[in-house]
Amino acid sequence: MTAKTTASGVAYDVQGTQGDLARRDAAMQAFVQDFAKTAAIHMESCLRCGMCATACQFYVGTGDPKYTPINKLKPFEQAYHRHVGPFAPLYRLFGIGSNVNVEMLQEWEALLFDACSLCGRCTLACPMGIDISELIKEARHGMYKAGLVPDRLELMDRTAKAWGSPATPSDDFADIIKDAGEENGVPMNIDLPKADYVITTAPAELTEHTKALADIAKILNKIGASWTYSSEGFEASNIGYINGDLELQEKMTRKMIDNAIAIGAHTLILPECGHAYGAARWEAARWYGGKIPLKIIHMTEFLDEVVASGKITLKQIGETTSFHDPCQLARRGGVVEAPRAVLKALGLEIKELEDHGALAWCCGGGGGVVSNTRADPLRYKAFELKKKQFEGANAQRFVTACGQCRITLTLGAKHFKWDKKVESLLELVADNMIV
Amino acid sequence: MSNDQTLAAMLRQRGVSRRAFLKYSSYVASLMALPPSSAGALAEGLANARRQSVIWLSFQECTGCTESITRSHSPTLENLMFDFISLDYHHTLMAVSGEAAEKARQQAMEANKGKYIVVVDGSIPTKDGGVYSCIAGISNQQMLEETLRDAFAVVAVGSCAAFGGIPKANPNPTGAVAIKELVGDKPLINISGCPPIPEAMTGVLSYVLSFGKLPELDHLGRPKAFFGETIHDRCYRRPYYERGLFAEGFDDEGARQGYCLYKVGCKGPVTYNACATLKWNGGTSFPIQSGHGCLGCSEPDFWDQGGFYRPLPTPLGAMGPMLAGAAVAGAALGFGASLSARQHQKTFLAPPKSGEE
Amino acid sequence: MDLLTFARGPALEIAMAIFVIGVLWRMVGVLSLPAWRDDSPPRKGAPPAWLAALQAIFGKMAPHRTFLKAGMFTTINGYVFHIGLAICVFAFAPHILFLKSLFGLSWPALPSGMIFAVGAVTAGSLIAALIYRLTSPVLKLISRGNDYISWGLTFLPVVTGLAAASHIGARYETLLAIHILSICVFLAWFPFGKLMHAFLFVFSRGATGIRFRHRGAQI
Amino acid sequence: MTSTCAERGKPVDPRMIEAVLGEIAAQLETFALSGECASIDLGGLPFSGRDREALDARLGRGEIQATIDLAGRSEVWETGFSGVWRVRHFDATKIIVDLVEIASIPEILRSDRRDAKLAAQRLKAALERENAVLAENAHEQ
């Protein structure tokens, strides 16, 4: 692993010992294999109108045209036209659609990883409906194969492979759960052979927000559900999904699903994590290879369910709050109403941000950006947009439903010496539940 | 009739004063849109001109052009034209025939060497040695070449002579060509039309007679005075075109209202001629006024423009079968491309190696 | 053969053939690629795929208000020249005759003067689009030859059409021939450049509509 | 050049007539100052029969009217404005040239001196012939 700089002064990381050509070929092969019908249609359709730039926090934050979302796809696009598009044979015959070289890929590493949080705002801005965010995620596959991803993300990848989680070895999981139970005075279930609910976690809960582990347990205990944590397949934040490591994505998905099936759960509860929702709720079936025989829901959806069903009652807080919609949950997941219903049940008056719901700005840290310290300056530019909207909404509280968003926003607040505390929806429910 | 006298002297003998030249010249000036003040110069030129020897050659034609000029609509005035010229040879009009006729032609050529005007109607067949039209034992091409040798200028009258016309229409079995293909560098005026407007013929001849030179011509060799504007430009139905009011057929309400005939195939917008202003049959009417679209008869290859009733902006060929074939070919290429892409996705760089493709 | 006969005859025939072959080649080539199967359970109340696609195809006609702030010019100008082009192409009597000869369908025309005015506005709007493309840093960066060629080949039929309608610059039959030839070039380029978006937008928007509405997400 | 039934229905366009009158007025002024003659061909203008009538009504009739009988009839008259003449040539039935002339006298009315020269010879010859006949008769008596 080495940090380097391209001729134009862009920092990039390199993994592995492949030669330049091998690296380029690995990327190209992965790019080429990735294209299915929808991606191909989208590759054909760009009008070069620049609308996507207006939607991208990294372009708006910096004003640098290279952060225009469609520009981040340049090498991927060239691979498409030269090898997959309907005129690819002509492109190859006449040697047009200039080929991608390793220098280009090095240059694009930062554009694909540092300057994209996979937030998908560009997709909504595109008049042709091109799902740019999805294409960037696919382009990352080739970058991973080429050993051209930010070192911090690659480190998490290797950790996840070795430990089953980028946060902690599987062997330590049971202890973390027990500790969280003791600290918060909540009885915990761990590694029960059979249960209706399996609770999964993301690194945020296993490191900074361990109270969340107890919070959900508290609620499940209250409703008298049969539930368990499991040392096997507890990790829902699928780092392969973010890094472009398809093998890891498949492995993590299968491990989590197979384990839940083995336990006989009818519901798998995903943690307060955005990408976990994208990877498990919408993509898991592809890796599982068919319909999954259990329900996969996000923590927020679960909270909405128990609150709406009246199984728990909540104290009325009676203050104003703004809600930060995690991109993968709201924009790309369709969960917009659920968190608001829960906030209302808590007696909170919602003061919406200027852009909220499906159109909310990203926290700036999604898609691995928060873990990739190299991207900090860019991330703070994005945070400023968010901060401005919070201040505009003028609410007392500031709630979200994603641990990574919460960490990103907290880091941003710290950087700008902003004294707003970012709260978790789960925590609010657990703390205000009438026992 | 002697050709040494001036026209003025000749007419004076018949008791006609110079006023006749002035009136005639006013008429020609008006026809050719010359400034009215030029009528004086034109009259003077005509009065001092000698009677012009004209040799009229008819080749692959229908005699419609001759019919047209002999029925010029202003007989009392335009008959003067026949006083100004000496029509020394014309199959249809001359009294003599056979060898006597050919002798008249030879005599006229001898007597007016370098000064006579050759008027041609009809196209020239060139295929198979020109056997498809012969007069007096020689092919039309031979007769034209022989007659042109000492001519002052050539006037190709009618679309057959000017552009090949109907004989040249697909598949052109006789290899007909326009006169301009055979005149070399002789000055040539094309007065196209099927038939041409008689005033255009008399106007042009008067101009040449008076000024001794050719009038201003367009890129097809036609006098701009008569072929400078399209039928559409001067059509009285033009306002309907601008307002989007069209006859859709020949017996619908639009046709009865006198709306624009563009949709039923009128070629007025691309046809240069003076029909809309001079009109026909003594200024009575012209095709569009009588309810039929312009055929475009004064334009090259008017017979092969896809049909008189096919609207101007439509493609000439029948596209249906071609497009069906193209669709099948396109779909096949598409499937092929997609199969090849799938294959390529599998095999591209599959056995690890450093070079690509 | 004069220029107009060439334009109305062989040129148009070849251009139409290229157009049809190219469009089908590209569309079939893309649409017959294999697709990922989505076995994830749809969000409760998600519309069926066809409806989801339609929702996106129509829904995407108006941008979300938040993107309008920065994208106002692109959006409004885009609407102006698209509607302008549609009016000029489909509401001008000679064009209707052309289309009728191909498809057998006909509809009422707008007055020529109105078409001329719309054509002039369209030409102005296209020029504005080009100026924007040449001056905006984002567009300068992402524009390719394709964008400029497609612009030029869209602009040409508009100006040659205006010239033909107003008889400016040359004789009418020459202007008409040039106009038709400009359309021939436009048609021949169409399948290979971004002009294809006239067909692709249905599938591009539709695919995203299906993906997003399946998830219960807004498009 | 000639009015036709199709055009006859056209309404009078007052702007066109005003424009022609303006042109006539300007040319007339020039003629008055410098003696320079001018001529306007109404056939070259998009004039209908009714337009001509309206124009002639505006110009009015002056003191002189003449008819020329030559290859069809011609009519010449001075309008109500001295120096402004109307010259109208007919073929057998219809107008073929229609002019407004600004001059002392329209050219067509003038007798050409070359014609006059011949006429003089003719007259002289006629007189001589007459005298000779008279002389012969006298001699016989």
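Letters A, B, C and D mark the chains as written, and numbering starts fresh at 1 in each.
One rule holds in what follows: a residue touches a chain if its C-beta (ideal position, glycine included) is under 8 Å from a C-beta of that chain, and two chains touch if they have at least 3 such contacts.
Worth saying up front: this structure is predicted, and the values here are computed from it rather than measured.
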**Maximum inter-chain contact count - chain pair** = A-C
**Asked** What chain lies closest to the overall centre, CA atoms only?
**Response** C
**Request:** Please report how many Å separate the Cα centroid of chain C from that of chain D, as a whole number.
**Result:** 64
**Prompt:** Counting in whole Å, what is the centre-to-centre distance of chain A and chain D, each centre being its mean C-alpha position?
**Reply:** 99
**For chain B paired with chain D, centre-to-centre distance based on mean C-alpha positions, whole Å** = 35
**Prompt:** Measuring from the mean C-alpha position of chain A to the mean C-alpha position of chain B, what distance in angstrom results?
**Reply:** 78
**Contacts with two or more other chains, residues of chain D listed in rising order** = none
**Asked** Residues of chain A that touch two or more other chains: which are they?
**Response** 35, 84-87
**Fill in**
chain C touches at least 2 other chains through residues 25-26, 28-31, 33-34
**Request:** Go through the chains and record each pair that touches.
**Result:** A-B, A-C, B-C, B-D
**Item:** Residue numbers on chain B that touch chain A, as the complex places them
**Value:** 333-334, 337-338, 340-341, 344-345, 348-350, 352-357
**Request:** Could you please specify the touching residues of chain C with respect to chain A in the complex?
**Result:** 25-26, 28-31, 33-41, 43, 56, 60, 63-64, 66-67, 69-71, 74-75, 78, 133, 136-144, 146-147, 192, 194, 196-197, 200-201, 203-209, 211-212, 215-219
**Asked** Where on chain D is chain B touching in the complex?
**Response** 1-2, 4, 6-7, 37-41, 43-44, 68, 70-72, 74, 87, 89, 91-94, 96-97, 99, 107-108, 111-112, 114-115, 118
**Prompt:** Which positions of chain B touch chain D when the two form their complex?
**Reply:** 8, 12, 16-20, 22-24, 26-27, 29-31, 33, 35-37, 39-40, 73-77, 79-80, 236, 277-279, 282-285, 289
**Message:** Give the list of chain A residues in touch with chain C in this complex.
**Reply:** 35-38, 40-42, 44-51, 53-55, 59-60, 65-66, 68, 70-71, 84-87, 123-125, 127-131, 134, 281-286, 288, 290-292, 295, 330-336, 354-355, 357-359
